[in-house]
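Going in written order, the chains are labelled A, B, C, D and E, and every chain counts its residues from 1.
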Amino acid sequence: MALLEVRDLRLSFGGLKVLHDISFSVEKGAINSLIGPNGAGKTSLFNCLTGFYKPKGGSIRLGGRPITGLPPHRITALGLARTFQNIRLFKEMTVLENAMSGQHCRSRHGIVSAILHLPSQRREEENIRTTGMRWLDFVGIQQHAHRLAGGLSYGDQRRLELARALASTPELILLDEPAAGLNEREKLDLVHLIRRVRDETGVTVLLIEHDMGLVMQVSEKIVVFDYGQKIADGTPEAVRADPRVIEAYLGTED
Amino acid sequence: MTLDLVIQQLVNGLIVGSFYALIALGYSMVFGVIKLLNFAHGDIYMNGAFVGLVVFSFVGIWVGNGWLGVVCALLVSMLAVGLLGVVIERFAYRPMRNAPRLSILITALGASMVLNGTALALTGGKHYAFNTDLGFAGVDISTVHITYTQMVLVAASISLMAGMQAFVSRTMYGKAMRAVSIDMGASRLMGIDVDRVIALTFFMGSALAAGGGVMAGAYYGSVHFFMGFIMGLKAFTAAVIGGIGSVPGAMLGGLLLGLLEAFGSSLPFVGSEWRDVFVFGTLILFLVFKPTGILGRSVVERV
Amino acid sequence: ADIKIGIVAPMTGQLASEGQDMENAVKMAIEAANAKGGANGDKVITITADDACDPQQAVTAGSKLVSEGVTAIVGGYCSGAVLPTLKIYGDAGIPFVIIGANSTKLVAANQGNAFLANSTGDMQATTAVELFKKNGFKKIAVIDEGDAYSSDLAKLTAEAFMGAGGEIATKETTNAGEQDYSAVVTKIKSSGADAVFWTAYHAGGALLTKQLRQAGFQGGIVLGDGNNSPEYLEIAGSAGEGVYLLSPPTVDLLSGAGDFKGKYKETYGRDAGAYAALSYDVGDLIVDAIARAKSADQKAIIEALKASDFKGLAGEIKFTDKNTLQTSNFRPVIAKGGKWVAVE
Amino acid sequence: MEPDIVLSADRIVTRYGGIKALHGVSLSVKRGQIVALLGANGAGKSTTLRTLSGLIAASSGSVRFLGEDITKVPAHRLPHRGLVHVPEGRRIFGDMTIKENLDLGSFTLADDVERRRRLDHVFELFPILARRQNGDARNLSGGEQQMLAIGRALMAAPKVLLLDEPSMGLAPQLIKEVMNIVQRLNREGVTILLVEQNSKVALKFADYGYVLKAGRIVLEGLGSDLASNEAVISAYLGGVAA
Amino acid sequence: MTEARILPAAAQPRLMRWSVVLPALAAVACALVLPQFANAYVTEVATTALLYVVLCLGLNIVVGYAGLLDLGYAAFFAVGAYTSGILTAEFGLNFWLTIPVAMAAACVAGIIIGAPTLRLRSDYLAIVTLGFGEIVRIIARNLDITGGASGLIGIERPEIFGFKLMQVQHFYYAFLVLALLTAFVCLSVERSRMGRAWFYVRYDEDAAAGIGINRVSAKLQAYMMGAVIASVAGCLYAAKMTAISPESFTFNQSLLILLGVVLGGMGRIPGVVLGAILVALLPEVLRGAGTYRPLVTAVALLAIMLFRPNGLWPDKRV
């Protein structure tokens, strides 16, 4: 069974139909991409998957469990993490604290045990810190742990967002244009990092990207949207050759 | 409640409500442009009433205590207090433009206290009579008597508000105000002098409050240093209920608040001492179901 | 050594004007006493503490006076602010003569050291009921402002009037600082009341009067003692004609106060307000009590106060065993030609 | 000074708080050119544009525009002199309609007939904007917002246009479309200073280019020379950011 | 406009820094001996200052940590004061037993008003809290059990181990203990998982939701914790005043507490404590100004805000 199953998903704002009966699935352990022209509805789909938008119809299943219409924090707890198209870090907090934030839904101590300084609470805190450090290490920015997140370079901020999402120990991670604003070398590093995420942690990846070089390089399957509709779905080779995709999105090479 | 009573309370509510609306409008405009809950707005209203009274007593020597005097007082006060608003913005708020929002809020509180404290020091807390002879003539609808003064008052505040709405939605300067409220930096790139636009907003908002102050002073016949406090609160309430930042929203919010109060005073089974529980209770419930006020935009944050 | 007398009054806040009057008049009395050689030959000095009519500020103001080592304290305009201070002065054993505040709650909370120089709420209620009867008012609307003083007076009067066979048409509460009373006016009119009793202060009283008359209310209007202010008449204007007021003894009503009135205006550049005369008397009374106690000993002063048999501008001050006035000093007056004149 | 230099910066230093973002940047733009300003993340490209358009004050150095020193001229005075800046991230007025956004572009213009004329020109360039003119700008997709941002700038009838990363976040086809429009504008006589990270795209069109690194110009030359010198550029552009 | 940047302490590499601990200890030591040297008035004012310290620390959780603008905080103060006052005066309950009841009452009140409204945007939340504050005050004013407009009088003074708290000094120490306790609680929570969650929500609600934080629940917890602290302060306040009335729980009171939070430097405990002390002291220091007192106080306040827009003692690393 597929890890993520989207069936007949519909979304509209007022009169504007943003998603029309979208269906597709993502297999466990895969790296898939979602592409399409600007305004095709890619980010909106992510927002539906993660509970930020309430779809008008259709269903979403994660690992067989229905998650349609749940609030974002519940969905994260069920194993779906995301990054944002325009970086949304807690800029005024440290890099480590950002990484620690991901584990909120995996820890449980509350106000009372904090006031009482219970030993189990102390241990949990310690655990959150070390786990946070581990993820920083994984994405390669642990040397900046105590700097403010807002002071990181753009590329490092993208990495930190990834670390934060990974810290919630997801099964599926959604990346919204992770390469936007990165230069060629940074993009190469990103491809490498995305592969490591899947290979070393087993997390499934679904990403939105406009950089075709990166998309073709990294994805096993590509879903293509246009005007809120799925117009293609297949391997990079198949998609690249699809005339509808070329017309709507890629354009003719020159 | 009998029908007459309902009509009478409706009239009562509309009259107070039009004052609330007028003051709320300035509140909302200032909020719209610099996202500041201008706690000093009520004191501006109070200052407007005092300036109006001084002018009225002065010109009264020549023109008497009738309409002409009130109109003179209104115009002079709106101009003078409008400028006061500009001065306050210049010296208290502009230096704070990049400060945290709560700090600006506290600065506004400080500005309010300065205006209020000055008025106390100057008047010694005395209540002044604002005696006009506008008369009680009017029309009767069944047992309900509506004076011409009341009609003029409602008409005046509605036309001030309509004018404001037209200004904001039609003119280039009005558009500039909205642009500044959305993005100051980008506005400057359009060639908009942001400081000027903000100053203009304060001028207009303060002038409206002053106009309200003079009208209220003349209508109710008394002026004192504390009169702005409650009015400021009501205006704030009305502005938020209407959907803060929205001009027609402020108007509707003001009228709604006036009506709620009028009918809240004649609740069945309980006395008028429960009025504000009713008013605020209704408002809170309302916000639970319509979280952005009457005309506030429901912005789905794009993530 | 100098004898220190504390004055607590609202010097800021909404009732600052009244507080100013109290301070001025007490000081005038003390200066006059000093000119005659002070108390027991000692010079009397005053220290003013602002309570802003706010309970919390009143407590700090009170403890400031206590710490300054004052011999006695006079003042207090708002019952709400005086109430929590009674404990402080009581514990410190300081004689305290209350000038204005007169809620019956003060009597209950008194620890024996406090004296009410103003007639209490129930005395006023009695006077009010008498006035209603005399004018043939049968159905009264009672309106207060929701503060300690006015709601206490409203309640007492309503009870007293019903006890005397009268009917309460409606009981309403307004908010201090608001200008529009139309909703309440509408309610009063539809209640069929033949008179209105307003128990709060003059600012609201004037507005209410005006709006009642404008709405065509023809019945009687009666005001509590917080309304005696020249400002009331100025603001109410012609609408105020024929309105009754349960007045404290003010300079205009007192035959012997002409000198005081002139001197007050000369010294402070303003007219003497409603409580100026009584404040002057209380200033006098405290010096008199110290003189009678023949020392600055506070217990002795309290005893002397209990035994007071004082005649001042405002009339006589003699206390009951509850430290309240033996005879009410409220006088019903009526507004005629822009002046308060005594009702015979 | 050469007469055909319309915009120039002379050793400008710009700070954010205490931190220097530009360490003496000098550049010049000639009439009718497309000049590219390249550089990695955080190199100071946007800061340079902001300093040129007066959004941030330079702490030293000077900016000249059409022969006048504009270093101290506030930002809002420049559009009607003909210097218009399309900022990074588009910065459209999302709560206002597309038409209102465009109107604001010609804020300083009093002549309604002329405004209408310019509006028609923009609608001709970007037909999608004409179709959705009464809709709220926020609902446009990324690419359409970019068109609106450029269209809004054109409403001021610029002599010199400062464009900050117009290709950011755009689909491949749209990048092409936008760049075509840039070229067309240039042919119509608008001088353009183009900031790009994507050097391939930028150098295809540019007459001249500058490369910024850590707040300093490290390389400049004719567009074609730089384009053939990709290796050198990517050494700078691919280098460690910030 | 940017919010003042506040770093939760967990971010700091070392939790205990002597440069912080030593002055804090010194301040506590001074506070301990103060009544030995001061007269009743000074002690009274200092007690008020401590009351504001507690209230401001409580409100700081709501405003400073969770970023919720609360204009009706005095309501919870009132809930505490009235619960304790009524239970001791009318039902003869032991003062100390009233505290847990008051805490529970504040929690319930916090949930009733907070649960449906905390998702509102800041300015709308402001009016809801303001309205709630007024509702609580008017209810207290209109009910018989609360003593109506005159309030409750003759509230019993508490006893502890047979010792009756009577004088200002006694209450001074009681409030000092409460203030220290509150500071300790705030410090502990600030550095914990929930404390961080508040900061996350405050800086970016959507991002917080995206990483699995329940925004409404986090806000509600902050709101309730603030409510509980105010209610405990209210209990002690009632016992100290022996007479409480609706006039002590006005909108102005709420503003004053907010003022203390922002004036000193929102979000960090030392700043808030300083602000609270200032709010209590400033009007007293300026007593000499008479009728001009409000004006002078206001000018002083404005000057502070204009010269130190982030508060007097903001976080150093801003």
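Odds and ends about this structure:
Keep this in mind: a residue touches a chain if its C-beta (ideal position, glycine included) is under 8 Å from a C-beta of that chain, and two chains touch if they have at least 3 such contacts.
Because the structure is a prediction, the values reported are computed rather than measured.
The chains that touch chain B as well as chain C are E. Averaging C-alpha coordinates per chain and comparing to chain D, the farthest chain turns out to be C. By C-beta pair count, the most extensively touching chains are B-E. Averaging C-alpha coordinates per chain and comparing to chain A, the farthest chain turns out to be C.
Per-chain Cα centroids separate chain A from chain B by 48 Å. Put simply, the C-alpha centre of chain C and that of chain D have 74 angstrom between them.
Look at where the CA atoms of chain D average out and do the same for chain E: the two points lie 51 Å apart.
Averaged Cα coordinates give chain B a centre that lies 43 Å from the centre of chain D. Among the residues of chain E, those touching two or more other chains are numbered 3, 138, 141-142, 206, 210, 291, 293-294.
Within chain D, contacts with two or more other chains are made by no residue at all. Within chain A, contacts with two or more other chains are made by residues 13, 52, 84-85, 88.
Per the touch definition, chain A reaches chain D in the complex via residues 13, 16, 36-40, 85, 153-155, 177, 180-186, 210, 212, 249-251.
If you check the complex, the residues on chain C that touch chain B are 12-17, 20, 146, 170-175, 177-180, 182-184, 186-187, 190, 202-203, 206-207, 210-211, 214-216, 229, 231, 234-235, 237, 270. The touching residues of chain B, counted against chain E in their complex, run 31, 35, 37, 92, 95-107, 109-114, 116-118, 120-121, 124, 233, 236-237, 240-241, 244, 273-274, 276-277, 280-281, 283-284, 287-288, 291-293, 301, 303.
Across the complex, chain E meets chain B through its residues 1-4, 63, 69, 113, 116-117, 119-121, 123-124, 126-128, 130-132, 134-135, 138-139, 141-142, 206, 210, 251, 255, 258-259, 262-263, 266, 291-299, 301-302, 305-306, 309-311.
Contact residues on chain D toward chain A in their complex (touch as defined above): 40-42, 139-144, 168-174, 176, 197, 234, 237-239, 241-242.
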